[in-house]
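Alright, structures below, take your time with them.
Consider the two complexes below, in which chain A is the common component and chain B and chain C are the respective partners.
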Partner chain A sequence: MKAFSFTCRETPALSDAADCATFDLRGYIDAHTVIEFEKTVNSVIEAGTHCIILDISGLSYISSAGIGAMMGLTRKLNQLSGELILLNPTPKVYAILDGLGFTKIFKIANSENEAMEKIRSRAPA
Partner chain B sequence: MLKPLREFACGVAQALGFTEQQVNEIEICVDEACTNAIEHAYVKTFERDFANNEKDIYIEMTFMGNGLTVRVIDHGCGAEGGTHPRIRSLEEYIERDQFRGLGFYLMHKYMDRVTVHTSPGRGTTIEMTKFRK
Partner chain C sequence: MIGSIFYLVIIVVLAVWLVRQRNRERALVALVDHNRIERKTVYQFLNALGERLTTSNIALEPALEIIMDFIVDRSDAEAGAVFLLDPHDNQLSARVVKGMFPPLMPTTGYVLTKQKYLSERIKRERIPLGQGIIGEAAASGMPILVSDAANDPRVPKVALDYLTIRSIMIAPLTSRGRISGVIAIVNKRGGEIFTEENLDLLRALADQAASTVEMVKLYDDLAEKQRIEQELRVAHEFQKMLLPSECPKIDGYDIAAFSEPALEVGGDYYDFFFVDDARRYLGVVIADVSGKGIPGAFVMAMVRCTIRVVAHGNLSPREVLFKANERLYADTKENVFVTMTYGILDTYEHTFRFARAGHEPLVTIRRDSPNVELSSPDGIALAMVTNDMFSFVQEAVLPLTPGETAIMYTDGVVEAMDDQANEYGQRRFFDLIASSRELKPQEIIAKTLQDIQRFTRGYPQHDDITMVAIRVHDDAAASKSSVPVAAPARA
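This part shows the complex of A and B:
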């Protein structure tokens, strides 16, 4: 299995909101693979997509490098009146985030509907 | 490079009977300590100062008195002041311009004991102990 891979898709139920995309992440994010992760998501943000859903149900592991990258993306998107949602974390990844207090900082959803609700209810620009 | 190290640490912790959650915590702490060594140990040194195999990072794991101690040792540049700067709280981390420096915070959070031995030019040893529940 590849260390880290992803696919990016338009978020169908939000097709009225042209600036939303979902990334399906697979593998792990550590200090090595985080570079590809950040580069990819940042390129989508720079192209004008400001609401990002990261489906991390296929993510087996995340280190502080990955958490830091997600924090950076959260800050950047908030400044653009956008949103970053983490969708369906595995129990292992959730436990790591929760143990450090990040479940209170990141917006986490357990279904696509919940993720979209969080995006719809975000603070207006 | 990090994945085999994580797998090795997990394998040892599992074999010693640590819980699944503890194994996951040991895994990430070993990753963070090794990442720290990879990113910082040899950056201030010149190639000519080292023979071919002198940029190695050593990992020692010992189990004694119900506690697993992991030592991540490098012979790199070391740090001033006998320790590494680290954040003390999540609030401090959030206020940073760049989201770095979480590694030591994480190690202190998930391990029962963390000590760092470092001095300029003499390398760094991160020693972490976790006790079995």
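This part shows the complex of A and C:
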């Protein structure tokens, strides 16, 4: 099983829409690995970036702790009139999210363009 | 004449030899004395550690305090510090600082007059392995003695008199061939400078200190491990307490359940209770709480209590989940959620009315079908969203005829893994169930557990495994009552 890791990059194509950052997630997100991830994303949010894209195409599995973290981020960003987009989930991860009913809560995009559209069309503050 | 010269030479040679021997003897005595003092000091050091470091206070910081107090005192030094190496980033940082210890890395001019502030400043400094005089000693594992600091380029020059280094010695902390840090001692009292003898003593004490540091670290790890194990044991016990001690015995039914917490103790549980006083309607719960350990167990207790309270007298599982969600959404942290199937078994009419809060599908073994039947009405996990979003949860009614079995399970069953991270999987599980139509619920569960065991080959599981199975007896009356299924109560 691949260990969990993530990297963060600015997403300049979106600069006309909002401050936006993309996190590339890889491996397996569980109760242990999620802590550092949450901390980092929260620090980015606190620094004023309120649109976050999580590229989860490299995520082989997501545990309840990982979903909990994403839910926490969604709630936080909603309060800040921001947005959390999940980009390119694998069929396996999508099935997990769908089974839990979360595909109705999370904004899911299948391409960066689609993610940008979702961010541009988000409810105004 | 030649004879007397010969004797004279002999006498001179003897005299020289005697003097040399005496010098050698004196040196030897001095060395023995030195070694004796050194050994004595090491013993005193170990005694000091033994007296002050008891099992009740054994921890790294207090141990380093004792070590540095002793070493600074015995070295007759003005200041000292112990730097430990962080193996993750190969950087050294001061953990305990004694006296006015000067900065050892080149710094921009700042004035620090209070020892407390200076110590904090030194402790914040991160020294990469190999850099500066501290990093050099840690990288090479060799002790360093600088007697003439003013002319040694490795020693940073500070304009402040009280921070000027006159002489410094550094000894590595080496235990079992591994360097865990260094001890640095600065400026001998009374204006003297450190000598090789001082360095020898420091090295001897540093060796002992290194073993002590290693031992305390092991103890710390062990204590942490024991603490976690203890916590898991408590959570385990707690979790067990929340499960029904036995499955309900109802005419015409066989009901069985099983829950096995994983290594890390997840938050699976199941529950049975009668919804009405006439004991016709049996509430059945299977759930998976997202938290782990003791916090997870408490959330689980909260969920169990909430469901029992809101379920009483209500014949609509959807409404029960709705009410539970309202409370749980308000009372739990944002990253906690609960998947659950809650159903009400009408023991007269043999129907199972249920709703699914993001939980795994309900599996039914039908009499007239070789395959299992899956039911997953729309639903979303509890405690995640407000009720307006939760409202799309749907309710389904499953008629059960004699000989049919309804099975609920948590994801720990289908996500059980072998050591190659292969999943047991829904397909194998459903196939196994489909081939078990003649078995009683207890036997189906046992058979599934055996099959999981065979698949995982005993590999420890990360998620709880929980199953509930309900079977209508083959000879159960088709219906006990002509009364139609009660209409769901209004919320």
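A few comments on the model shown:
FYI, the second predicted complex is superposed on the first by the 121 of 125 C-alpha atoms of A that agree within 3 Å, B and C clash if a C-alpha of one lies under 4 Å from a C-alpha of the other, contacts with A are read in each partner's own complex, and residues count from 1 in each chain.
The definition used in the following text is that contacts are C-beta pairs under 8 Å (C-beta built on N, C-alpha and C of every residue); 3 or more make two chains touch, one makes a residue touch a chain.
This structure is a prediction, so every number in the text was calculated from the model and none was measured.
Overlap between chain B and chain C is detected when the two structures are superposed via chain A. In the superposed pair of complexes, A:95 makes contact with chain B only, with no contact to chain C.
Set against each other, chain B and chain C differ in how many residues of chain A they touch, and the higher count belongs to B. In the superposition on chain A, A:105 contacts both chain B and chain C. In the superposition on chain A, the residues of chain A contacting both chain B and chain C are 30-31, 64-65, 67-69, 71-72, 75, 99-102, 105. Residue ranges of chain A in contact with chain B, taken from their complex: 3, 28, 30-32, 61, 63-65, 67-69, 71-72, 75, 92, 95-96, 99-102, 105. Across the interface of their complex, chain C is touched by residues 1, 30-31, 64-65, 67-69, 71-72, 75-76, 99-102, 104-105 of chain A.
Residue ranges on chain C touching chain A, taken from their complex, read 264, 288, 290, 292, 333-337, 339, 357-358, 360, 376, 378-381, 384-385, 389, 392, 421, 462. Interface of chain B with chain A (complex): residues 1-3, 6, 21, 24-25, 27-28, 31-32, 35, 38-39, 90, 94, 98-100, 102-103, 105-106, 109-110.
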